[in-house]
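Note that the chains take the letters A, B, C and D in the order they are written out, and that residue 1 is the start of every chain.
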């Protein structure tokens, strides 16, 4: 591990600790600002630079982070990075271009784009064109399910927001062999508008969303192959926009192997997440976005209809925290040997 | 038909028209107030009384309807009704008790509760206990599908809000024989908070819902048997609360008979709704709640995945208009020989 | 009055009535769409054309108005207008350029921009540059206060949204001589985001407004001189954006002439609005935006502190209806001799 | 200072630190839950008990705080408190009854109710009846202005939410002698609905507030005398409810001493808050609630109209953090000699 040893200073909260030097690239977007906010209170981190995206040419401040992080967002110049780890909160093409160079310089990379999420080259060409060949040593950062690969990763691919919520709700059942083979899995997800990004468009206009709900991109969203890759089977996925800022609620419908009891379903969840600090199981008291907004928690509830062999699973996250910046830092913590919770509670 | 002939008065907008005398029982709830609002501008209606629910003991005004309807809401006293038609916006037990008396007095009844929606007595006993035996001559008022029965109905049972949105989206495919027999139908519906009623509860507190989404009552909602009755097959239905006041978006997932084309699906919708004044087909441009809020429209869009034989249907309504008061008046219009649109555009 | 007499057609709801031919210019903006929506149900109107703004080059439909108004929005071509009245929902410079031509053609013009609201040329040059010289025969369309001028107007200048709400709350006190001369008048107004217009900007992004409130343009908003012109004295005005779509609540703080009683204040309001169909006085039960959204009502409440001689007035409107399209039609109704309420209840 | 020295335990994050033992009374309300949430991450605190209000009789968990604080809320039993400090998030009468006993036991008390905010006994009798005589040694905890008294306080009275936002915006001008003597000060404040408390009432129903704004209690709110006490002069204060959950924006209108420049106003703010970790000055870039929600910051902006001698000040806070639990902990930090920021960034 490449960590910086700083001199001890009396009164410095970080005294007597080795600090990891990190760079945040893409610090002006929603996920980038959340990274800065969270990393600023991480006791083992020093932010050595925050950059805009490739189109940013002049330095700027982030007023909403004043007195939390008073640095300056500078133009993107990878040659100037002094970092042990780089968080990339950039468009996928920029991530794909930048990551190999950073890796070659010995930095470890945590990428929040979709550039490195899919392994199948045909899917990748369809859903993430212009992202080039896959580098070696990528770990898929669904923290609760990939911990060994994550600890050793040089390039960490942080999962999409919808897959994070949905896979945490489905994988325990699938790993326990409780999902009926070949039966449909329907994922109906509801996301806050920050999920549509920071760009001002007709879609993100307040008046288009207040008092409204909209389904979009049925069958065609690029998070579908990401979920199918992790589950090893097809899913039907339709995302929706709901009139709130932050949060995803994923509603999942599946059939259980014949004879599966409600108790078996509960046991599957409890076994997998017994030691997970950021997964909370609520059982029949279904979870709500409100309980996880502005946190790194994923709350999961479910209901089994034993008579028909159906299970309904609900999973909620904050799309910018557990669905982006928070999980990225959780993965960073594993990569650098810190407590998973560092900076996140 | 028992209609009142009023004297012609110069300057009276209603001159030279026969006015139907109506009573609204339960005028202080959300649906009741919407009934008053809409009936007040109906050119062929005179409201002879508006009553509270059974527990209301003192007359009161409805300030939000001032200068629209300046009457007084009086205690419920069916013996005093002077009406050709009575709208019941009451709890189901009150409707069940009241309707037979009104019918016996020759009045026609439009009931907005669930008291008379289910025909199967076992289902009825489970989901609507204490609603007594079913009277004769009930019509189920899903306007676009039951027009003849509705025209002749003495007791009109107005559909539930979720069934209205969902059945209008599914019945055209089912009637055209396009739904694969035996395959799952999943209905994931999102409702505004007015659907939870006017009572102040923890569930309806602003802070519980702002910035949040919640699934509730999976597998167990009493609108499930209502939809199954109309479709003639089981469905999986889970309602959700989303942070807006008025509106429902119903997302429906089904399998198509092998070989069904997208064109065949479109044709099925267009055939059924060619002359429907309040159904608007949006095809691949999926509809949003915003477009139907405060109207009697139901907008329906869909997407077919021919490769996998799947169809996704989205249907949106205003739960208090097309899902309650508006559809009730649309049915009333058919029952009394008026244009379906009277008072509703 | 220049009205078209159309042939009676059996089945035509408008048969046997003289219809006024209207054009709506700027039909794709928020106010323009509201005009189309309301005029479509106006019993004495036929919309002969709806146009885009000057930059619109191809015809387009308005999906949210389907089955309400199924016409096509065409490019702006004043030479082709066949109209008795033209509603201009255009940017002020476009209105200023277009109005004289239309007036010269004998059409009456109802302008919703600020081009013709200010009479003082210095203020006009500051706040509405590039709007040219003032035509003759302009009436300021604060309907409740200018009825004679409005009836005869060739060019009707529809008031701004903030002035509509605020002046309806202050003018009765000022006209009654109850406001202390020279004392401060503070107007703190809260507007929904539709007031910021339909353009997608950082300011109208959902995430910027959800869960937030923002003051903007203190001392400098161009509605300030419009209010000062009507009141004949200076005001301090600060608008705010609140996280809702439609509506304005204006909070007004003033001092009363010494000895003014609460009863005198109530009497002043009641005298002025005794016959106003769209003003509702709520007195001490302060009005809320919810009660007027999607209506043409202005609800006004107030509280007098006799001990200190202070009055607090609250006025609420829907900014797109009473604050724009609705009041424009109310004025149109007066101009063409119709009932003020036609098409608006 | 009465602090507990705990034994060092390997693996205990709090090892080698002296922990202050705290009790939170009233842990199920909004402010109480926020206290638990923040105190749980405070590095120098151990929560020894959390109690319900006086009416709570059975222990319960707080599901939304699971894995943050997994304790049990127990019935209120002051005799069992083992604490160096007690946070009272109770109704004022309960606080008034409880505080003297706790003080007599040597515990220091931070009270979040209004029981001890007013010093004038007549005002106190009017606005906080049934709160008994004032104990000695009370400090008013507007942290930025009362630091010495706060450090030594045995009983800390935490300011109201509206006064916190408003006084932080006005006191710098008043202390600098820039406010014109005798001139009006108008405070128009906008609060999220959590400010109305956790009880389910008609006022807190989602449908009453969504899409709406409401003024309430003009001239009569009990935070008025609290602000007047701190400012030493009368103010006109009207609070409003806006459709968001958390946050207050206070808009303040005042006159400046003749000749006051904009620069002098800026200097006054900068001088007072130069070292304040939780006050951020935004100047002409007016602050918005969004920037402070879920934080302990108070952001303040202003605009001076030199021509008329007017100043407009905007101040924003999160009503549950800086307006309640956060400021309480900030005060606690001063009382126990910790960094003001401990647990709050």
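What we mean here is this: contacts are C-beta pairs under 8 Å (C-beta built on N, C-alpha and C of every residue); 3 or more make two chains touch, one makes a residue touch a chain.
No experiment lies behind these values; they were computed from the predicted model shown.
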item	value
Chain at maximum distance from chain A, centres defined as averaged CA atoms	C
Between the pairs B-C and C-D, the one where more C-beta pairs touch	C-D
Whole-Å separation of chain centres (CA-atom averages), chain A against chain C	47
Chain B-chain C separation of Cα centroids, rounded to whole Å	34
Inter-centroid spacing, chain D versus chain C (mean Cα positions, whole Å)	41
Chain B, residues touching no fewer than two other chains	208-211, 243-245, 290
Chain contact topology (line, ring, star, complete or other)	complete
Residue ranges of chain B touching chain A (in the complex, touch as defined)	184, 186, 188, 190, 192, 208-216, 218-219, 234, 236, 238, 240, 242-247, 249, 251, 253, 255, 286, 288-290, 293, 303, 305, 308, 310, 312, 314, 316
Contact set on chain A toward chain C in their complex	30, 193-194, 198, 200-202, 204-211, 243-245
Chain B - residues contacting chain C, complex	40-41, 63-64, 66-68, 210-211, 277-278, 280, 282, 285, 290-291, 294, 297, 345
